[in-house]
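Residue numbering begins at 1 within each chain, and the chains themselves are lettered A, B and C in the order written.
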Amino acid sequence: MNETTMESAGETSATTGGKLAIIAYSGTADKLIPLGVLAQAAAAMGFAVEIFVTGFSLLAFTKERHELPFAAEYAAMAPQLAESLSANKIAPWDEMLRQAKELGARVHACSMMSTVMGLGPDDFGDLVDDVVGAATFVAAAEGAETFFI
Amino acid sequence: MNETTMESAGETSATTGGKLAIIAYSGTADKLIPLGVLAQAAAAMGFAVEIFVTGFSLLAFTKERHELPFAAEYAAMAPQLAESLSANKIAPWDEMLRQAKELGARVHACSMMSTVMGLGPDDFGDLVDDVVGAATFVAAAEGAETFFI
Amino acid sequence: MNETTMESAGETSATTGGKLAIIAYSGTADKLIPLGVLAQAAAAMGFAVEIFVTGFSLLAFTKERHELPFAAEYAAMAPQLAESLSANKIAPWDEMLRQAKELGARVHACSMMSTVMGLGPDDFGDLVDDVVGAATFVAAAEGAETFFI
(Lines give C-alpha, C1' and ligand atoms only; values in the text may rest on other atoms or scores of the structure.)
Protein backbone atom coordinates (compact mmCIF):
# COMPACT_ATOMS: atom_id res chain seq x y z
CA MET A 1 0.00 0.00 0.00
CA ASN A 2 1.55 3.34 -0.97
CA GLU A 3 1.51 6.38 1.22
CA THR A 4 -1.32 8.10 -0.59
CA THR A 5 -3.60 5.12 -0.20
CA MET A 6 -2.66 4.88 3.44
CA GLU A 7 -3.59 8.48 4.06
CA SER A 8 -6.87 8.03 2.24
CA ALA A 9 -7.69 5.05 4.40
CA GLY A 10 -6.80 7.09 7.46
CA GLU A 11 -9.08 9.89 6.32
CA THR A 12 -11.99 7.57 5.82
CA SER A 13 -11.99 6.02 9.25
CA ALA A 14 -11.04 9.21 11.09
CA THR A 15 -13.28 11.75 9.44
CA THR A 16 -16.31 10.25 7.70
CA GLY A 17 -19.37 8.72 9.24
CA GLY A 18 -17.71 6.46 11.76
CA LYS A 19 -18.74 3.01 12.87
CA LEU A 20 -20.70 1.52 15.73
CA ALA A 21 -20.39 -2.17 16.62
CA ILE A 22 -22.51 -3.73 19.34
CA ILE A 23 -22.47 -7.20 20.86
CA ALA A 24 -26.01 -7.84 22.09
CA TYR A 25 -25.60 -10.54 24.73
CA SER A 26 -27.58 -10.12 27.94
CA GLY A 27 -31.06 -10.71 26.59
CA THR A 28 -33.02 -8.75 29.17
CA ALA A 29 -35.97 -6.83 27.77
CA ASP A 30 -34.74 -3.49 29.09
CA LYS A 31 -31.36 -3.69 27.33
CA LEU A 32 -33.01 -3.93 23.94
CA ILE A 33 -33.86 -0.23 24.34
CA PRO A 34 -30.25 1.07 24.32
CA LEU A 35 -29.53 -1.42 21.52
CA GLY A 36 -32.29 0.09 19.38
CA VAL A 37 -31.53 3.69 20.33
CA LEU A 38 -27.79 3.49 19.70
CA ALA A 39 -28.20 1.62 16.41
CA GLN A 40 -30.85 4.02 15.17
CA ALA A 41 -28.97 7.15 16.25
CA ALA A 42 -25.67 6.01 14.76
CA ALA A 43 -27.23 4.86 11.48
CA ALA A 44 -29.04 8.20 11.16
CA MET A 45 -25.66 9.93 11.57
CA GLY A 46 -24.27 7.97 8.62
CA PHE A 47 -22.33 5.52 10.77
CA ALA A 48 -21.80 1.97 9.66
CA VAL A 49 -23.60 -0.17 12.24
CA GLU A 50 -22.71 -3.80 12.93
CA ILE A 51 -24.65 -5.78 15.53
CA PHE A 52 -23.59 -9.23 16.71
CA VAL A 53 -26.37 -11.06 18.52
CA THR A 54 -25.23 -13.77 20.87
CA GLY A 55 -26.00 -15.35 24.25
CA PHE A 56 -29.48 -14.84 25.61
CA SER A 57 -30.17 -11.98 23.21
CA LEU A 58 -30.64 -14.55 20.43
CA LEU A 59 -34.05 -15.20 21.98
CA ALA A 60 -35.13 -11.68 21.02
CA PHE A 61 -34.46 -12.34 17.35
CA THR A 62 -36.25 -15.65 16.75
CA LYS A 63 -39.47 -16.00 14.76
CA GLU A 64 -40.95 -17.70 17.79
CA ARG A 65 -41.75 -15.02 20.36
CA HIS A 66 -40.08 -15.38 23.74
CA GLU A 67 -41.15 -13.50 26.83
CA LEU A 68 -37.84 -11.91 27.82
CA PRO A 69 -37.01 -11.28 31.48
CA PHE A 70 -36.37 -7.77 32.77
CA ALA A 71 -33.12 -6.88 34.59
CA ALA A 72 -33.43 -8.69 37.92
CA GLU A 73 -32.46 -5.69 40.04
CA TYR A 74 -35.07 -3.42 38.48
CA ALA A 75 -37.82 -5.90 37.71
CA ALA A 76 -40.23 -3.90 39.87
CA MET A 77 -39.86 -0.94 37.49
CA ALA A 78 -40.80 -2.92 34.38
CA PRO A 79 -44.54 -2.11 34.23
CA GLN A 80 -44.01 1.60 34.92
CA LEU A 81 -41.23 1.82 32.33
CA ALA A 82 -43.28 0.05 29.67
CA GLU A 83 -46.18 2.41 30.31
CA SER A 84 -43.95 5.48 30.13
CA LEU A 85 -42.22 4.34 26.94
CA SER A 86 -45.64 3.97 25.38
CA ALA A 87 -46.99 7.26 26.79
CA ASN A 88 -43.94 9.10 25.43
CA LYS A 89 -44.44 7.42 22.05
CA ILE A 90 -40.95 5.91 22.05
CA ALA A 91 -40.74 3.43 19.19
CA PRO A 92 -40.27 -0.21 20.23
CA TRP A 93 -36.67 -1.45 20.02
CA ASP A 94 -37.31 -3.62 17.00
CA GLU A 95 -38.83 -0.71 15.09
CA MET A 96 -35.74 1.40 15.88
CA LEU A 97 -33.55 -1.45 14.71
CA ARG A 98 -35.60 -1.76 11.55
CA GLN A 99 -35.04 1.95 10.87
CA ALA A 100 -31.31 1.45 11.45
CA LYS A 101 -31.32 -1.45 9.00
CA GLU A 102 -33.03 0.68 6.35
CA LEU A 103 -30.05 3.00 6.74
CA GLY A 104 -27.58 0.15 6.32
CA ALA A 105 -27.17 -1.43 9.77
CA ARG A 106 -26.34 -5.13 9.68
CA VAL A 107 -27.43 -7.71 12.24
CA HIS A 108 -25.47 -10.93 12.61
CA ALA A 109 -26.42 -13.92 14.76
CA CYS A 110 -23.56 -15.77 16.46
CA SER A 111 -23.11 -19.18 14.85
CA MET A 112 -21.64 -20.89 17.92
CA MET A 113 -24.30 -19.78 20.37
CA SER A 114 -27.06 -20.41 17.82
CA THR A 115 -25.90 -24.01 17.65
CA VAL A 116 -25.63 -24.26 21.43
CA MET A 117 -29.18 -22.94 21.80
CA GLY A 118 -30.51 -25.22 19.08
CA LEU A 119 -31.32 -22.40 16.67
CA GLY A 120 -30.82 -22.73 12.93
CA PRO A 121 -30.74 -19.90 10.36
CA ASP A 122 -34.44 -20.45 9.62
CA ASP A 123 -35.37 -19.88 13.24
CA PHE A 124 -34.44 -16.19 13.10
CA GLY A 125 -36.78 -13.40 12.07
CA ASP A 126 -36.07 -10.94 9.30
CA LEU A 127 -34.06 -8.58 11.52
CA VAL A 128 -31.16 -11.04 11.25
CA ASP A 129 -29.08 -10.72 8.08
CA ASP A 130 -26.86 -13.74 8.55
CA VAL A 131 -25.31 -16.22 10.96
CA VAL A 132 -21.55 -15.72 11.38
CA GLY A 133 -18.67 -16.54 13.70
CA ALA A 134 -17.18 -14.23 16.29
CA ALA A 135 -14.09 -13.69 14.12
CA THR A 136 -16.22 -12.17 11.37
CA PHE A 137 -17.69 -9.70 13.82
CA VAL A 138 -14.33 -8.86 15.39
CA ALA A 139 -12.98 -8.10 11.91
CA ALA A 140 -16.01 -5.95 11.06
CA ALA A 141 -15.73 -4.02 14.33
CA GLU A 142 -12.25 -2.64 13.69
CA GLY A 143 -12.17 1.11 14.20
CA ALA A 144 -15.69 1.14 15.63
CA GLU A 145 -17.18 2.40 18.86
CA THR A 146 -17.74 -0.99 20.46
CA PHE A 147 -20.23 -1.91 23.17
CA PHE A 148 -21.17 -5.16 24.90
CA ILE A 149 -24.79 -4.87 25.98
CA MET B 1 -11.29 20.90 5.63
CA ASN B 2 -7.89 21.09 3.99
CA GLU B 3 -5.28 18.38 4.20
CA THR B 4 -3.21 20.13 6.84
CA THR B 5 -6.20 20.49 9.12
CA MET B 6 -7.11 16.88 8.45
CA GLU B 7 -3.69 15.67 9.49
CA SER B 8 -3.79 17.83 12.58
CA ALA B 9 -7.10 16.30 13.54
CA GLY B 10 -5.63 12.85 12.97
CA GLU B 11 -2.64 13.69 15.14
CA THR B 12 -4.78 14.81 18.01
CA SER B 13 -6.89 11.71 18.28
CA ALA B 14 -4.12 9.25 17.46
CA THR B 15 -1.23 10.50 19.53
CA THR B 16 -2.25 12.73 22.43
CA GLY B 17 -3.96 11.71 25.61
CA GLY B 18 -6.64 9.54 24.12
CA LYS B 19 -10.32 9.37 24.91
CA LEU B 20 -12.57 7.28 27.13
CA ALA B 21 -16.32 7.16 26.58
CA ILE B 22 -18.60 5.23 28.91
CA ILE B 23 -22.31 4.52 28.75
CA ALA B 24 -23.45 4.09 32.36
CA TYR B 25 -26.64 2.07 32.07
CA SER B 26 -27.11 -0.77 34.54
CA GLY B 27 -27.62 1.23 37.70
CA THR B 28 -26.44 -1.34 40.21
CA ALA B 29 -24.44 0.10 43.09
CA ASP B 30 -21.42 -2.11 42.42
CA LYS B 31 -21.00 -0.95 38.81
CA LEU B 32 -20.55 2.65 39.91
CA ILE B 33 -17.10 1.62 41.17
CA PRO B 34 -15.59 0.75 37.77
CA LEU B 35 -17.32 3.85 36.38
CA GLY B 36 -15.54 6.05 38.92
CA VAL B 37 -12.22 4.23 38.68
CA LEU B 38 -12.03 4.24 34.88
CA ALA B 39 -13.10 7.88 34.62
CA GLN B 40 -10.66 9.02 37.28
CA ALA B 41 -7.74 6.98 35.91
CA ALA B 42 -8.29 8.10 32.34
CA ALA B 43 -8.76 11.76 33.26
CA ALA B 44 -5.56 11.66 35.34
CA MET B 45 -3.77 10.33 32.25
CA GLY B 46 -4.89 13.33 30.25
CA PHE B 47 -7.63 11.47 28.39
CA ALA B 48 -10.79 13.22 27.35
CA VAL B 49 -13.58 11.50 29.27
CA GLU B 50 -17.21 11.45 28.15
CA ILE B 51 -19.85 9.71 30.23
CA PHE B 52 -23.40 9.15 29.03
CA VAL B 53 -25.78 8.27 31.85
CA THR B 54 -28.89 6.40 30.79
CA GLY B 55 -31.24 3.63 31.89
CA PHE B 56 -31.29 2.79 35.57
CA SER B 57 -28.01 4.62 36.19
CA LEU B 58 -29.89 7.91 35.97
CA LEU B 59 -31.12 7.15 39.49
CA ALA B 60 -27.54 7.49 40.76
CA PHE B 61 -27.30 11.05 39.47
CA THR B 62 -30.47 12.64 40.82
CA LYS B 63 -30.57 15.17 43.65
CA GLU B 64 -33.01 12.87 45.36
CA ARG B 65 -31.05 9.97 46.82
CA HIS B 66 -32.08 6.50 45.66
CA GLU B 67 -31.03 3.31 47.36
CA LEU B 68 -29.49 1.45 44.42
CA PRO B 69 -29.68 -2.34 44.22
CA PHE B 70 -26.52 -4.45 44.14
CA ALA B 71 -25.87 -6.94 41.31
CA ALA B 72 -28.42 -9.70 41.95
CA GLU B 73 -25.92 -12.55 41.59
CA TYR B 74 -23.54 -11.11 44.15
CA ALA B 75 -25.95 -9.37 46.51
CA ALA B 76 -24.65 -11.48 49.42
CA MET B 77 -21.23 -9.89 48.99
CA ALA B 78 -22.48 -6.30 49.25
CA PRO B 79 -21.90 -5.70 52.99
CA GLN B 80 -18.41 -7.25 52.94
CA LEU B 81 -17.44 -5.27 49.84
CA ALA B 82 -18.66 -1.98 51.29
CA GLU B 83 -16.72 -2.62 54.46
CA SER B 84 -13.54 -3.49 52.57
CA LEU B 85 -13.80 -0.47 50.25
CA SER B 86 -14.02 1.70 53.35
CA ALA B 87 -11.23 -0.14 55.24
CA ASN B 88 -8.95 0.27 52.22
CA LYS B 89 -9.83 3.95 52.02
CA ILE B 90 -11.07 3.69 48.43
CA ALA B 91 -12.81 6.94 47.54
CA PRO B 92 -16.54 6.63 46.86
CA TRP B 93 -17.46 6.50 43.17
CA ASP B 94 -18.92 10.00 43.13
CA GLU B 95 -15.76 11.45 44.61
CA MET B 96 -13.69 9.71 41.93
CA LEU B 97 -16.05 11.08 39.31
CA ARG B 98 -15.75 14.55 40.81
CA GLN B 99 -11.97 14.30 40.55
CA ALA B 100 -12.33 13.22 36.92
CA LYS B 101 -14.59 16.20 36.27
CA GLU B 102 -12.04 18.58 37.75
CA LEU B 103 -9.67 17.20 35.11
CA GLY B 104 -12.17 17.79 32.34
CA ALA B 105 -14.47 14.77 32.30
CA ARG B 106 -17.99 15.47 31.10
CA VAL B 107 -21.16 13.75 32.27
CA HIS B 108 -24.24 13.78 30.08
CA ALA B 109 -27.70 12.52 31.03
CA CYS B 110 -29.70 10.81 28.29
CA SER B 111 -32.61 13.02 27.26
CA MET B 112 -34.88 10.20 26.10
CA MET B 113 -34.55 8.03 29.18
CA SER B 114 -34.76 11.08 31.45
CA THR B 115 -38.13 11.84 29.92
CA VAL B 116 -39.24 8.22 30.19
CA MET B 117 -38.27 8.16 33.87
CA GLY B 118 -39.96 11.50 34.56
CA LEU B 119 -36.71 13.34 35.27
CA GLY B 120 -36.12 16.93 34.16
CA PRO B 121 -32.76 18.77 34.00
CA ASP B 122 -33.39 20.23 37.48
CA ASP B 123 -33.72 16.77 38.99
CA PHE B 124 -30.05 15.96 38.44
CA GLY B 125 -27.24 16.74 40.87
CA ASP B 126 -24.18 18.76 40.00
CA LEU B 127 -22.27 15.77 38.60
CA VAL B 128 -24.41 16.08 35.45
CA ASP B 129 -23.23 18.69 32.97
CA ASP B 130 -26.13 18.53 30.55
CA VAL B 131 -28.98 16.48 29.14
CA VAL B 132 -28.36 15.34 25.56
CA GLY B 133 -29.51 12.80 23.00
CA ALA B 134 -27.75 9.56 22.15
CA ALA B 135 -26.53 11.01 18.84
CA THR B 136 -24.56 13.69 20.68
CA PHE B 137 -22.82 11.03 22.74
CA VAL B 138 -22.15 8.78 19.75
CA ALA B 139 -20.52 11.72 17.99
CA ALA B 140 -18.43 12.59 21.07
CA ALA B 141 -17.29 8.98 21.47
CA GLU B 142 -15.57 8.71 18.10
CA GLY B 143 -12.04 7.37 18.48
CA ALA B 144 -12.57 6.60 22.16
CA GLU B 145 -12.19 3.48 24.23
CA THR B 146 -15.88 2.77 24.68
CA PHE B 147 -17.56 0.78 27.44
CA PHE B 148 -21.19 -0.01 28.28
CA ILE B 149 -21.39 -0.51 32.02
CA MET C 1 7.66 13.26 17.53
CA ASN C 2 8.35 14.15 13.91
CA GLU C 3 5.87 13.71 11.12
CA THR C 4 7.41 10.52 9.75
CA THR C 5 7.28 8.84 13.12
CA MET C 6 3.74 10.04 13.53
CA GLU C 7 2.66 8.51 10.25
CA SER C 8 4.37 5.25 11.10
CA ALA C 9 2.54 5.12 14.40
CA GLY C 10 -0.70 5.74 12.55
CA GLU C 11 0.07 2.93 10.12
CA THR C 12 0.69 0.43 12.85
CA SER C 13 -2.55 0.91 14.70
CA ALA C 14 -4.66 1.40 11.59
CA THR C 15 -3.48 -1.39 9.36
CA THR C 16 -1.97 -4.33 11.24
CA GLY C 17 -3.74 -7.04 13.16
CA GLY C 18 -5.77 -4.83 15.40
CA LYS C 19 -6.36 -4.99 19.11
CA LEU C 20 -9.05 -6.30 21.43
CA ALA C 21 -9.27 -5.10 25.04
CA ILE C 22 -11.83 -6.54 27.43
CA ILE C 23 -12.74 -5.61 30.98
CA ALA C 24 -14.05 -8.80 32.60
CA TYR C 25 -16.17 -7.54 35.48
CA SER C 26 -19.53 -9.22 36.02
CA GLY C 27 -18.34 -12.62 37.18
CA THR C 28 -21.34 -14.66 36.15
CA ALA C 29 -20.47 -18.08 34.76
CA ASP C 30 -22.27 -17.48 31.46
CA LYS C 31 -20.28 -14.34 30.63
CA LEU C 32 -17.01 -16.24 30.73
CA ILE C 33 -18.08 -17.81 27.43
CA PRO C 34 -18.04 -14.60 25.34
CA LEU C 35 -14.82 -13.64 27.15
CA GLY C 36 -13.15 -16.86 26.00
CA VAL C 37 -14.65 -16.81 22.52
CA LEU C 38 -13.74 -13.19 21.77
CA ALA C 39 -10.22 -13.53 23.15
CA GLN C 40 -9.57 -16.76 21.28
CA ALA C 41 -11.05 -15.49 17.99
CA ALA C 42 -9.16 -12.20 18.11
CA ALA C 43 -5.85 -13.79 19.08
CA ALA C 44 -6.22 -16.30 16.24
CA MET C 45 -6.70 -13.35 13.86
CA GLY C 46 -3.37 -11.88 14.99
CA PHE C 47 -4.93 -9.25 17.22
CA ALA C 48 -3.19 -8.08 20.34
CA VAL C 49 -5.51 -9.09 23.18
CA GLU C 50 -5.52 -7.38 26.58
CA ILE C 51 -7.87 -8.56 29.32
CA PHE C 52 -8.38 -6.69 32.56
CA VAL C 53 -10.04 -8.81 35.23
CA THR C 54 -11.82 -6.87 37.94
CA GLY C 55 -14.91 -6.92 40.15
CA PHE C 56 -16.58 -10.28 40.66
CA SER C 57 -14.73 -11.82 37.70
CA LEU C 58 -11.61 -11.99 39.86
CA LEU C 59 -13.25 -15.02 41.51
CA ALA C 60 -12.96 -16.92 38.22
CA PHE C 61 -9.20 -16.49 38.15
CA THR C 62 -8.15 -17.59 41.64
CA LYS C 63 -6.37 -20.84 42.42
CA GLU C 64 -9.17 -21.58 44.84
CA ARG C 65 -12.19 -22.69 42.84
CA HIS C 66 -15.36 -20.64 43.32
CA GLU C 67 -18.77 -21.77 42.21
CA LEU C 68 -19.79 -18.80 40.07
CA PRO C 69 -23.44 -17.77 39.84
CA PHE C 70 -25.27 -17.77 36.51
CA ALA C 71 -26.98 -14.62 35.18
CA ALA C 72 -29.99 -14.20 37.51
CA GLU C 73 -32.50 -13.67 34.71
CA TYR C 74 -31.54 -16.85 32.89
CA ALA C 75 -30.54 -19.08 35.80
CA ALA C 76 -33.18 -21.62 34.75
CA MET C 77 -31.31 -22.14 31.47
CA ALA C 78 -27.97 -22.96 33.11
CA PRO C 79 -28.21 -26.79 33.17
CA GLN C 80 -29.49 -26.98 29.59
CA LEU C 81 -26.78 -24.61 28.36
CA ALA C 82 -23.99 -26.50 30.13
CA GLU C 83 -25.22 -29.74 28.61
CA SER C 84 -25.43 -28.27 25.12
CA LEU C 85 -21.98 -26.67 25.33
CA SER C 86 -20.60 -30.08 26.23
CA ALA C 87 -22.62 -31.96 23.60
CA ASN C 88 -21.39 -29.52 20.94
CA LYS C 89 -17.81 -30.00 22.14
CA ILE C 90 -17.34 -26.28 22.80
CA ALA C 91 -14.09 -25.81 24.71
CA PRO C 92 -14.47 -24.46 28.25
CA TRP C 93 -13.81 -20.72 28.58
CA ASP C 94 -10.49 -21.20 30.36
CA GLU C 95 -9.23 -23.47 27.63
CA MET C 96 -10.17 -20.86 25.01
CA LEU C 97 -8.39 -18.23 27.07
CA ARG C 98 -5.36 -20.48 27.36
CA GLN C 99 -5.28 -20.82 23.56
CA ALA C 100 -5.52 -17.04 23.28
CA LYS C 101 -2.63 -16.65 25.70
CA GLU C 102 -0.48 -19.04 23.65
CA LEU C 103 -1.06 -16.61 20.80
CA GLY C 104 0.01 -13.65 22.91
CA ALA C 105 -3.09 -12.55 24.84
CA ARG C 106 -2.34 -10.95 28.20
CA VAL C 107 -4.51 -11.19 31.31
CA HIS C 108 -4.17 -8.55 34.03
CA ALA C 109 -5.85 -8.61 37.43
CA CYS C 110 -7.01 -5.26 38.81
CA SER C 111 -4.82 -4.27 41.75
CA MET C 112 -7.44 -2.15 43.52
CA MET C 113 -10.23 -4.72 43.44
CA SER C 114 -7.81 -7.53 44.29
CA THR C 115 -6.95 -5.64 47.46
CA VAL C 116 -10.59 -4.94 48.20
CA MET C 117 -11.42 -8.63 47.81
CA GLY C 118 -8.45 -9.71 49.90
CA LEU C 119 -6.62 -11.34 47.00
CA GLY C 120 -2.85 -11.17 46.63
CA PRO C 121 -0.81 -11.96 43.50
CA ASP C 122 -0.22 -15.51 44.76
CA ASP C 123 -3.94 -16.16 44.97
CA PHE C 124 -4.37 -16.08 41.20
CA GLY C 125 -3.97 -19.07 38.91
CA ASP C 126 -1.62 -19.18 35.95
CA LEU C 127 -4.06 -17.52 33.56
CA VAL C 128 -3.20 -14.19 35.21
CA ASP C 129 0.00 -12.57 33.96
CA ASP C 130 0.21 -9.72 36.43
CA VAL C 131 -1.65 -7.43 38.80
CA VAL C 132 -1.90 -3.85 37.54
CA GLY C 133 -3.84 -0.65 38.03
CA ALA C 134 -6.69 0.58 35.84
CA ALA C 135 -4.45 3.24 34.29
CA THR C 136 -2.13 0.56 32.90
CA PHE C 137 -5.07 -1.14 31.23
CA VAL C 138 -6.53 2.10 29.90
CA ALA C 139 -3.15 2.88 28.33
CA ALA C 140 -2.88 -0.62 26.83
CA ALA C 141 -6.40 -0.42 25.40
CA GLU C 142 -5.78 2.59 23.17
CA GLY C 143 -6.92 1.92 19.63
CA ALA C 144 -8.55 -1.36 20.62
CA GLU C 145 -12.04 -2.75 20.24
CA THR C 146 -13.08 -2.40 23.87
CA PHE C 147 -15.75 -4.35 25.72
CA PHE C 148 -16.97 -4.38 29.34
CA ILE C 149 -18.33 -7.84 30.03
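By definition in this document, a residue touches a chain if its C-beta (ideal position, glycine included) is under 8 Å from a C-beta of that chain, and two chains touch if they have at least 3 such contacts.
Per UniProt, the chains are A, B, C = Peroxiredoxin.
For clarity, every value in this text was computed on a predicted model and none was experimentally measured.
One rotation lays the C-alpha atoms of chain A on chain C, and its angle is 120 degrees to the nearest 5. Between chain B and chain C, two chains of identical sequence, the interface residue sets overlap only in part, with shared numbers making up under half of the total. Rounded to whole angstrom units, the spacing between the C-alpha centres of chain B and chain C is 22.
Within chain C, contacts with two or more other chains are made by residues 10, 71-72, 146-148.
Residues 10-11, 14-15, 18, 20, 30-31, 33-34, 37-38, 41-42, 44-45, 47, 71-74, 77, 81, 84-85, 88, 90, 145-149 of chain B touch chain C in their complex. By the touch rule above, chain A contacts chain C in their complex via residues 1, 3, 6, 9-10, 13, 21, 23, 25-28, 54-56, 69-72, 112-113, 115-118, 133-135, 138-139, 141-144, 146-148.
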